[in-house]
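We just call them A, B, C and D in the order they show up, numbering each chain from 1.
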Amino acid sequence: MKGPFGLLRGTSDPGLLRPAIARAVGLGVLWLVLAGGNPVDLAPGAVAALAATWVSLQFLPPGAVSVRPASLAGFTFRFLRQSVVAGVDVARRALDPRLPLHPGLVVYQTGLPPGPSQHMFTTLMSLLPGTVPTGPAPGSGLLIHCLDVEQPITAQLAAEEALFSSAIGWKQDNG
Amino acid sequence: MRFALDALTIFAVAAGAFFFLAGTVGLLRFPDALSRVHALTKADNLGLGLIVVGLLFQTEGLLAGLKLVAVWLLALLAGAAVTQLIARIAQAGGPRV
Amino acid sequence: MADFLLGAAGFVLAMVALGLVRTLHGPSTVDRIMAAQLLGTGGTAGLLLLAQEMNLPAAVDVALILALLAAFVSIALFTDAAQSDANRG
Amino acid sequence: MAFDAVLVVSVLGVAAWTVAARDTFAAVVGFIAFGLLLALVWVRLAAPDVALTEAALGSGLTGGLLLAASTRLGRAGMTAASETPGSILRLAAVVVCAFVAAGLVALLLLLPEPAPTLATQAAANIAATGLLNPVTAVLMAFRAIDTLLEVVVLLVALLGMWSLAPDRLWGGLPRGSGLSDPDGLLTFVAQLLVPVGILVGIHIFWIGSVAPGGEFQGATILAAMWILTAVAGLVDAPATSRPWLRLLLVAGPAVFFAIGLAGFAIAGSFLAYPPSYAKLLILTIEIPVTLSIAAMLALLVAGPPEREPQR
């Protein structure tokens, strides 16, 4: 199949069916939320969801990881709480007259495989307290900019990563 | 009931506005570009989230409320993803700490 | 309630404007790209407040576009900056 | 009131800053910020249709075009600083700008009260179009000829830009992004945003018949997503000689024109629709027009062909 984008990846693999349906359902729900539940909006919604799903499958083929809903819910809850902590932390430092900052770079070794799951983790990391990932470091390291290098950053990140890994169903070699 | 919902809205929106204030103060006070990235992403995103929560008490209908949440999630995830790109330039261009 | 929401929108906008003074001033590229991010979050908050205050549901769609395009613009600015870095170095 | 004051001060401040900025990159950022603030102004004026257009086209896509232009100028060694205009030219610019500004102010002050309007007539006849959004009714029915010509102008602009390419590159590929993305972070961001953006673009297009939105706004978002995939290296910009691409570009104006001509036979004049299926005809025009505009805008940002055509 050669689409207008000049892509050659076939979409007839049976293993692709489940992630394809999952994405189509997710995008369909997003359409419902954006456009409302009016019956006349359902047909274009289906077209839009299918188009977006097709593009999504072309650009991001389903990987080996599979999302586990129960762990994901737990992770999301904790993540939201952590991002509140992050906002409060920044506000406290910004408004403190003494400006208590110890900015610096820290290298963090990740057990996540390079690629989408690692990028997803670093994306979420920039919403966690005190950390903004700034790029890859030698080996499997990630360079992290911290507002306060005196905090136990790597231990905290390791805890977050363990939760994230279990949410996306990724088994780490070193436990 | 109306009064209670309004009170919740006022509380959450005011808290959201406070975090926008904190974010801007951080933006003005923090010494280097990468630290300012922290101030912007974390404080402002929480501010937007709290304002959305506040507005949820005023919206009518589930879908209208979910739409506000969807806008917030989009701003949150898109912002967080782009933040790493910005941080990368700071890392490449700025002095190493 | 409407007065309060409009006031809150004005406050958030004032914070965005103050932040813009800092980010646009630069001089680093990173600060300037942050201007787009700042408007993406702050502008979205302002629009959502206005949508409720003016009873204008379409403003929520404007907020949606703003959130999406602020990210698009930031990526475009990033690409431009990264390219000129590569050209110089 | 306080809100409006803050808004006016910010818009004017950012505008002045953008004009005064010496650095091209800084000026483009200022312009983008100005456009996003202007979207807030339009919402405040209860004109969300214009706000959507301003945010999408005026700020997002025009910002992309300006960035592409500034990159190009930078590569050619032509920075804005190197060609400082003389004092006579500056004075002339000041005089012309002051004249235009004074003219605009005078026009606003001299407007009759109440201002002349066709809004009541448009509102009275909107039912005949089958649409609920008056702005779309004006764009697609009452003043459809303007919209048709706008799409054609956009196409002509694209052809004009393509013709800047040397003969041997005609039909070739636009410049690639040439950006190294070793660990694929940029690609990931595109993978995340593009499907959502496509959905939002179609939503904005579709909602145009009942609420603010429409084909130009929707097309701009789709174009932005296409540009994003190209920037991230997920797709290469297509060779401009590709038949599917050219078909995509002309499909919108062609269908628009064909249905316009059919208006002579079915409703008595050019671009007239019979009320019983006006909405269906408008939709038949809008879908290809949206896709064509999206392609035109994306290709305008991509630039003229700079690489050999593929054989």
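Descriptive notes on the structure:
Keep in mind that, in the parts below, contacts are C-beta pairs under 8 Å (C-beta built on N, C-alpha and C of every residue); 3 or more make two chains touch, one makes a residue touch a chain.
These numbers were taken from a predicted model, which means no experiment stands behind them.
More C-beta pairs in contact connect the chains of A-B than those of the other pair, out of A-B and B-D. Among the chains in view, C has its Cα centre nearest the centre of the complete protein Cα set. Chain centres here are Cα means. That of subunit A falls 22 Å from that of subunit C.
Between subunit A and subunit B, the centres computed from C-alpha atoms are 18 Å apart. Between the Cα centres of subunit B and subunit D there is a gap of 29 Å.
Separating the CA-averaged centres of subunit B and subunit C is a span of 11 Å.
Listed for subunit B are residues 23, 34, 37, 41, 45, 47, 67, 70, 74, 77-78, 81-85, 87-88, 90, 92, each touching two or more other chains. Among the residues of subunit A, those in touch with two or more other chains are 30, 34, 122-123. Counting only residues that touch two or more partner chains, subunit C has 16, 29, 33, 40, 57, 64, 68, 70-71, 75, 78, 81-82. The chain pairs satisfying the stated touch condition come to A-B, A-D, B-C, B-D, C-D.
Across the complex, subunit B is touched by residues 1, 4-5, 8, 11-12, 15-16, 18-19, 22-23, 28-31, 33-34, 37-38, 40-42, 44-45, 48-49, 52, 57, 60, 63-64, 67-68, 70-71, 74-75, 78, 81-82, 85 of subunit C.
Residue ranges on subunit D touching subunit A, taken from their complex, read 182-185, 188, 190-192, 194-196, 198-200, 202-203, 206-207, 229, 234-236, 238, 244-245, 248. Every residue of subunit D that touches subunit B in the complex is listed here, in rising order: 185-186, 188-189, 192-193, 196. Contact residues of subunit A toward subunit D in the complex are 4-7, 23, 27, 30-31, 34-35, 41, 44, 47-49, 51-53, 55-56, 59-60, 114-116, 119-120, 122-123, 136.
Residue ranges of subunit B in contact with subunit A, taken from their complex: 18-19, 22-23, 25-26, 29-32, 34-35, 37-39, 41-43, 45-47, 49, 63, 66-67, 70, 76-77, 80-81, 83-84, 87-88, 90-92, 96-97.
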